[in-house]
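Scrolling down, you'll hit the structures one after another.
After this come two complexes, each holding chain A, first together with chain B and then together with chain C.
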Partner chain A sequence: MLTVLVSGLASGALLAAAALVYNVMFSTSKVLGVTTGQTAMLGGVFGAWFMTRLHFPVIGALLGSVIVGAVFGLLTDLIAVRRVLSRSDEHLWLLSTLALATITQQAVALWWGTEPLPFPRIIHQDFGAGLLDQKYWLPVVTALALAAALELFYRRTLYGKLFLAMSEDAFAARARGIPTDRIRALSYVIVGAMGGLAGFMAGQLTFAYFAVGITLSLNGFIALAVGGLGSNAGALVGGAALGILSAGASYFIGGEYQNTIAVGVLMLVLLVKPAGLFGAQVARPV
Partner chain B sequence: MKLRCDRSGLGVIFAVMGALLPNLSTTAWAKDKESIRIGWLSSLTGPQSTSAIAENKGVEFAVDEINRAGGINGRKLELVTRDTVSDPKTAVNFAKQLIFEEKVVLIIGPVNSGESLATIPVVAKEGIPNIIIGTVDELVDADKYPRAFRPINTNRQWIEAANDYALNVLRRKNVAILGDTTGYGASTAKAATSALEKQGIKPVYSALIDQNKTDLTDELNKARAAGADVIMPWSGNTGFMARIVNARGDMGWSVPIVGHPTVMAAPLRKLVNKPTYLDNTFAAGYSSMTYDDKGRLPATTKTLQEKIRPRLGDGEIAYSFWWVALGYDTVKLAEHAIRSAGGTDPAALQKALEDTRNFPGVYATYGYGPKERNGFSDKNIVINQANSFKDGVYRAAPR
Partner chain C sequence: MPPAADTTRRRIAFGGVLLLVAALPFWVRNPYQLHIASLIGVYWVLIGGLNLVAGYAGAISVGHVGLLSVGAYAFAILAGPHGWHPALAVLAAGALGGLCGLLIGLPSLRLPGFYFAMSTLACSLIIGELALAKQNLTGGGVGLAVPGFAAPFRSARGLYWLVLLLAGAVTWFTWNVTRRMWGRALIAVRDSVIAAQATGVPILRVKLTVFVFSGVTAGVAGALFGSLQSYITPDTFVFEMGLFFFVCIIIGGRGSIIGPLIGTAVLTALPELSAPLARLSNFLYGVLLLVVVLIAPEGIGRLLETSIARIRGQRPTSLPVDPDLRRLAAAIRSGHSP
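What follows is the complex of A and B.
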């Protein structure tokens, strides 16, 4: 039972990180890009590449993965978000980010191959450590650290406050002289870096595999919806809940019901509490 | 109502189309009316591409070899390759294109059951002979698809060989069956359970698991608690199989694993935490791809290895060589059918393949019949040791 809890928590932590990425992205652009999972995929694949092929030390590979994620985040804004938002109020960003996510996945498949490849150990530790193995706790620590860093960023930095201002009302922020395009671009750089870091830290769980992104985008969104859009605490709780629930459903009921139960919970939460567990209901002025 | 189509929308469409456009082989542009056009449907990219890429090496090598020797009755073979991107819908579209636009006389492929299930009725409807590579038992049917012939083994053959080894050689009776939740994984695990039950063995633990589940320690703990003394995994997913091997190794559990060939496939070896984790692991393999007691291979296998080695990188062969040999044999079977039929008439090709008995390939010896579409006989199957991979082939499991 403890194994179910720990392994569920570890995979849930990666979903929580994806939900945090969605939160940052949404705060400045009101976009929930399908590229979210691909940032983590890139972190895992490039992390393995840096370490196994280029023989980077762990810290160098970590920084490299974060930089690759950040660059991909910036490209996401430039290619799939900026022009779409400037020309349409409708949800065309869903298509544009899906297109970019698909292109990215295919490109990585062509370059890296379609079989999963190993992700090296980050910390020296024997494989017989059981539930204390780094593959379980590294994603959890990463998700918690990302949430804490975001809170500090929002509360203690000027840029964090600019993010919050754009989150409240982007038009008002622009009217007050905030360079909203630049702030949004910065937020996508942060988003990419966060995803790259999370993918790197969870690489031992996911392997370095080109196809993890789409699943992560979908399940990260479910975690976000369960926890509540805009709430970092909600993202953590939603991710952990979904991870543990999926592992529990697979263990106690059967793997064929795992995804049905996960999506079923999403529907249940949305029916009972449409704003999610920690989400704030926004009053619409009439 | 007016449909709006701004430039950013078009940009999205072009981007998506650019990503999804398949690779078109240059051979398609080099049409030669005198040549014999053979369609080759293969998942050269996408999740099912590892084995397909290896098979493609064998297919291309065989075509070149036949053409270098003067072709078939003076006519060169022209391979018309289409990459199905591991997608059944794309495979169907390309099957139609090969038949109606490229006018191929025979189609080899697709190379997995999922795509083959989708294309086989389409190809059969047009009466085109089809050499098909998929292991799902129900795939071929002499009455429904009389011109579809299978050179590869069936799942039943893998399952029976693995069950025999687990029950009669290792003398294990408490079986845990693990499958993934894909159609292939679930149906194979179900067939394996059914085969065991026919022998009076009810698995002590049976589970279907999402193939993307990142850790399988809990499932193996459950199997151990249920008293399992052998793990029999049935899945074609490398990551899934590697997680089973790693969970067993990390737990320090010495239970044997006997199952699907994926558990000894070359890509999996890179994913295991320690090479020793593959000890006590066995999988269904082929007598043609197995070293004998003195470390020798069958002459046909050795010959093909040496002939094709320069195309595979000149060093040790790093992936399962049976994929290459199987691809090579499919073209040789097509050549045999065309020579025997004296041309490319579909009915004559069907008759030629039906009359084929003991055709010596590299991967196996093939034989069909008026009502037999499975050309691979049980005697070609053996059980291999997963930790014995060397130069693309394996050693036999101890008996």
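What follows is the complex of A and C.
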């Protein structure tokens, strides 16, 4: 029973991290990129590659994963978001990020292979630690640290305030002299770094596996929709709830029904409270 | 050139193409090419229906592969162990596909674009999960043998003609729909939900109707697909396949029927040309989608149309809106329509 709770919390923390990534992306560009899960996937795969093939020390591999994630984030903005946002078709960014996510996933499948490979230990620890094993608490600590860092960033730094201004009204922000293109590029670099870090820290849970990205994009989004779009606290709560529910469902009903449960939860929450638990209510235009 | 001659020429060309396609089993060089042609037809039965949803109504559904697998499994189970007549089983597969479309569409079509896309993706994953879990019904990961059709359609040629017939029916149906009021309503929904709603288009009903129709065609396509492949497993219906259907429409061009048809034919046949292409096919679909979205969001069909017009030296015609202002003002003043 405790195992279910702990493992659910750990996988939920990864979903919460993905939901936080969605939040930052949405704040500056009003885009919910399908590439979110791929940044974490890249963090996991490149982390394993740096450590097992290139024999980097842990710190080096961690930095490497974060840098790979940040570069991927920047590329996402340059390739899939910047050109598309200048057109006023609201669905195009969904298509372009979906295309980029597919390209990334297939490229990693061709380069890394389609088998999930084990992720090496990050901290030296005995395998008999049970529930105190690092693969459980590392993702949780990472998600909490990311949320706290974001909160500090938004409240204490000028750039954080610029992000908030852009999320409130991008046109007004531009009119006040904020270089919105540059701020958005910065936000995508941050997004990529966050995803890379989360993927690296949760690598022992997900393994270095090319297909993690698409399910993570989906389940991270479900966590976000349950918690409420735009709310970091909602992202943490939604991620934890979804993770524990999925783990409980696979323990009590059977592992085959994980997606079914997750989507059932999403539909239920959206029917009862369309804005999510912590989201802001939006008025209907007509 | 007078318009009458133009129409006649167009009819002759259309009839010629139709004859060539119908006589395909007699001029292909080997059975494998016939198989590919049938596969294109089967995909088009699904994509023709999906085109109304994705191309016209602008709802991004990447999960139609789930409905395809529902149809395939329904046909395999009903026509196999239960011994139904294949024609009846196809009808049942279509009905079941439509029902699943209704169940999926009813909650998810109310949601905005990204939420809807994610719901359809999730639904296709769920259906794959259930197909794997319900072992006594679907055979689990081992899969299921699919029976063929009844006598006249049992052979490869017969199946091809059946597929052609159904694909033609879907094309004819969607063509009729898109030319009339319904098609206008769908395009209005795609281009601006708010404006469509304000002019009295019942958004949910319009979207739901075409979504259920696409579910029916997906179910029928699933039955044909299963029969064509003769063996199905949950691994047949991967997420990339749903993406493939969608890419065919986007590459062909939204709001057109001939564009997605050509897209389907080219993208299905392309990986069969050589082995390295088949290995890279999913990667290439991603690249193609990205290139089309960035360079020609209207689709390659529209790009060709405009470039042909430019080569021929035709200027783009503008259609100025010229309302009868005096009559309009009088109508407003008197308080009712003239």
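Simple rule for what comes next: the second predicted complex is superposed on the first by the 280 of 286 C-alpha atoms of A that agree within 3 Å, B and C clash if a C-alpha of one lies under 4 Å from a C-alpha of the other, contacts with A are read in each partner's own complex, and residues count from 1 in each chain.
Please note the rule applied: a residue touches a chain if its C-beta (ideal position, glycine included) is under 8 Å from a C-beta of that chain, and two chains touch if they have at least 3 such contacts.
The shown structure was predicted, so the numbers you read here are calculated from the model rather than taken from an experiment.
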{"item": "Fit or clash between chain C and chain B when superposed on chain A", "value": "clash"}
{"item": "First, second, both or neither for A:Ala148, with chain B first and chain C second", "value": "neither"}
{"item": "Contacts of A:His91 with chain B and chain C, given as first, second, both or neither", "value": "second"}
{"item": "Which of chain B and chain C A:Gln106 touches, first, second, both or neither", "value": "both"}
{"item": "Which superposed partner A:Leu132 touches (first chain B, second chain C, both, neither)", "value": "neither"}
{"item": "Partner chain(s) touched by A:Val4 [first = chain B, second = chain C, both, neither]", "value": "first"}
{"item": "Partner chain in contact with A:Ala225 - chain B first, chain C second, else both or neither", "value": "second"}
{"item": "Chain B versus chain C as contact partner of A:Tyr251, first or second or both or neither", "value": "first"}
{"item": "Partner chain(s) touched by A:Arg83 [first = chain B, second = chain C, both, neither]", "value": "both"}
{"item": "Which of chain B and chain C A:Leu32 touches, first, second, both or neither", "value": "second"}
{"item": "Steric overlap of chain C with chain B in the superposed model, located at which of 78-86, 276-284, 312-320 or 330-338", "value": "276-284"}
{"item": "Doubly contacted chain A residues - partners chain C and chain B", "value": "83-84, 87, 92, 95-96, 98-100, 102-103, 106, 110, 215, 254, 256, 258-259"}
{"item": "Chain A residues touching chain C - in the complex, by the definition given at the top", "value": "32, 79-80, 83-84, 87, 89-92, 94-96, 98-103, 106-107, 110, 214-215, 218, 221-222, 225, 254, 256-260, 262-263, 266-267, 270-271, 285-286"}
{"item": "Touch list for chain A against partner chain B, complex", "value": "3-4, 7, 10-11, 83-84, 87-88, 92, 95-96, 98-100, 102-103, 106, 109-110, 113-118, 127-128, 130, 133, 135-136, 202, 205-207, 209, 211-212, 215, 246-247, 250-251, 254-256, 258-259"}
{"item": "Chain A contact footprint on chain C (complex, rising order)", "value": "58, 60, 62, 107, 111, 113-115, 117-119, 121-123, 125-126, 129-130, 132-133, 194, 197-198, 239-240, 243, 250, 279-280, 282-283, 285-287, 289-290, 293-294, 297"}
{"item": "Footprint of chain A on chain B - complex, ascending", "value": "6-9, 11-12, 15-16, 18-20, 45-50, 86, 180-181, 186, 207-210, 212-215, 217-219, 221-222, 238-239, 242, 246, 249-250, 252, 267, 270-271, 273-274"}
